[in-house]
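Report on one structure; see the data block that follows.
Lettered A, B and C in written order, each chain numbered from 1.
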Amino acid sequence: MNFKGADILSSKQFNRGDIEAVLKMAGKALPYASKKKFGDLLKGKLLATLFYEPSTRTRLSFETAMIRLGGSVVSSVGTQGSSVAKGETLYDTGKMISTYADVIAIRHNEDNSADEMAHGSSVPVINAGDGCREHPTQALLDIFTIQQELGKVDGLKVAMVGDLKYGRTVHSLSEMLSHFNVKLTFVSPPELKMPEGVCRFLKEKNVPFTETVEFADSIKDADVVYMTRIQQERFAKKKDYEKHRNVYVLTSELIKEKNPKMLILHPLPRVWEITKDVDELPGAAYFRQAKSGLAVRMALLMMVLGKSF
Amino acid sequence: MNFKGADILSSKQFNRGDIEAVLKMAGKALPYASKKKFGDLLKGKLLATLFYEPSTRTRLSFETAMIRLGGSVVSSVGTQGSSVAKGETLYDTGKMISTYADVIAIRHNEDNSADEMAHGSSVPVINAGDGCREHPTQALLDIFTIQQELGKVDGLKVAMVGDLKYGRTVHSLSEMLSHFNVKLTFVSPPELKMPEGVCRFLKEKNVPFTETVEFADSIKDADVVYMTRIQQERFAKKKDYEKHRNVYVLTSELIKEKNPKMLILHPLPRVWEITKDVDELPGAAYFRQAKSGLAVRMALLMMVLGKSF
Amino acid sequence: MNFKGADILSSKQFNRGDIEAVLKMAGKALPYASKKKFGDLLKGKLLATLFYEPSTRTRLSFETAMIRLGGSVVSSVGTQGSSVAKGETLYDTGKMISTYADVIAIRHNEDNSADEMAHGSSVPVINAGDGCREHPTQALLDIFTIQQELGKVDGLKVAMVGDLKYGRTVHSLSEMLSHFNVKLTFVSPPELKMPEGVCRFLKEKNVPFTETVEFADSIKDADVVYMTRIQQERFAKKKDYEKHRNVYVLTSELIKEKNPKMLILHPLPRVWEITKDVDELPGAAYFRQAKSGLAVRMALLMMVLGKSF
């Protein structure tokens, strides 16, 4: 992919070379993401963050990335007062906002909304999460974190745990990991299994994966355990939710018993699925993911704007 | 008008010389609005955007204008948590915010709110739309667009179409066009006619205008067709809305049949009143208006802050 | 207190030397707060304003302080879309946001929320108001205003009037004034008396104070009258509210009759408790407090970031 001027819409648009290019650039961005450097590489460039579905974490990550490289930000959160609320298409909004900004990051609760905006926009559009479908920058930062923590991605066993049905981060991550030599384990309640579409994609790509409801045993030999949040509203009966809530919990006791060396990731926010005592373990990388996220978003902003470190 | 330190509250405060001064300055701002230049002309200056009534389009236009000239922005959207929600007058808010900022842009759903804030403020206040009454920067950018597209304003026939009763942009535009040698046609459903006050003003100024409900024929010899959005909530009966919805629609077919050379403007957002196939026509200037808007707002910010290019 | 890297959570953490250090630094910040200078002293530093309870006035004060010293800002208002709304602890949010920002200002409607965030954060956290308990930067700016207006704090008689029960500004101010040689008078309806905890604290510190419901006579010999807003929702019966509403009102007539030289402060917004005719009196310092607020917040940002003018 030629990144300059490109839209970043889907994890599917990345081949292995593209992912490695982003990882390499993210490595160069790390001193800026770590507050060791403050740049003016993007001085004069303007990012518009359009978050129709609010997400403070992701929005502030994009904005911090832009600002720490010397760029500027304008922002809109929610739909109240937006042109979309008045009936405007995202195509029209894209046309208009691209007059203002040099790059757009959009978050929306409907599938393909980022694509529609990109269709209208004359500047690069980055998908910061749309519907239940895509969250490509999250998948890139997850892989970057793995690489930073373990030195490689090939050859690893990755277990994904929790809500695999609605959790868009695990969809994008599975698709991106298909370019690497990995073994995947999907651990979830029956109600929240990985969607058929993702499984089919992995089969086509010959990525070995297994599905299970067993939590404690499936993490025994995983190099990476990727935990996700299970939300009560996904279950028809509160009783079913309560049942899983007692099972899909990573504790330091469980880790020490089953697999003390595992790397633990989580897209955050974490609620009850990782107990606080885990935070102190060396493999608890979920807060370090925030820094990786900055580095990856810095890298993408630089690349689509045609800049280099 | 001496622009330095002035409040920009109403289209009525502009005489022809004032409008021409803004157009001239906006012309100089175009390279910045077109992303060809990024300046530091307003470095050290702070704009506060206070949008009690949210409007993403207008707010981001002001903020982009400020930032691309090197200035900074603080912003508040909605009324929740604002001092006004706690019972403060806009006069007091103006006194307080002018301690922080060098210039204020206010949007509010009540008539004269910008005037009240300006009364308290010790720094220039720009009205970014208040009530159904005024939206002077929109009118200036409309005229600037006409001048950019057609090379002149004098001698033109301008048709305004749609909701002329509640659409504040057409009120401000009519008043500002009264300083030019133009002929106006007001095309609207009977329920949404241009208010008596605007018509009286135009008569006093000897501006020739006609009013009609006929859409298709009235655009035949117009140099400029200014379309606006018709909202269902303006009609007591849904049936009446539906009736007009089928009539006040600009299509490429209609344009080609009636008047292929017309310049088409729209304050945006556009919903159904201009079909998407029109976008490709050379006269479809409504997305180019966004760039004009940046240039005009840059010009006004520079002028009230006593700066020049 | 060693300010560099410190959290500013409570007025209780300040001794007299600390307060004087802030006042001294605020004095140096005044040219920046007065728009006479625009600095780049905090260039490359990023402030995150996290206002779970919206407060435009306080948020824009912090943001303006940061920007006018050359720093940058990212911001989140309300709880919608925040990780906290998804069940995240403020501890986790602190851990995450401190990856992005160099300093955090938090406003929250629950007591001790700033402390919880500071516990997780690796960068300084400034309490911009939490629950009914603390608002330390407001207390500092109140004292700075007194010093600027009257040249001293020791030896003064300070009357606090209105809602002393829920008004967190008067709690923090009383505690900070305990380090000075002052006499306090608390004037309030019986329903809104100063909380027992604050009174006990003052007794322990041997700060002389009296409590009264009499308004007009108690301001006779006060050097400083600190007015606060009385809200209807604090009273079970509307009748009780109406009764007080007619009494706790500062008018220019009352001032001229009782004590023309008093200095009048108010944390703002002011509603009916100070009539507009008072604004013109020389002692009406409540709008000048906004400038003091900028200076004090600039001082604190500089100090916790280890910078000096």
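Basically, contacts are C-beta pairs under 8 Å (C-beta built on N, C-alpha and C of every residue); 3 or more make two chains touch, one makes a residue touch a chain.
Values in this document were obtained by computation on a predicted structure and should not be read as measured data.
Rotation angle for the C-alpha superposition of subunit A on subunit B: 120 degrees, rounded in steps of 5.
Judged by shared residue numbers over all numbers used at their interface, subunit B and subunit C contact each other through mostly different positions, with under half in common. Between the CA-based centres of subunit B and subunit C the separation comes to 40 Å, rounded to the whole angstrom.
In subunit A, no residue touches at least two other chains.
Those residues of subunit A whose C-beta lies close enough to touch subunit B in the complex are 43-44, 46, 48, 72, 74, 76, 80-83, 86-88, 92-93, 95-97, 99-102. Across the complex, subunit A is touched by residues 35, 38, 51, 53-57, 59-61, 63-64, 67-68, 73, 77-78, 229, 268-272, 287, 290-291, 294 of subunit B.
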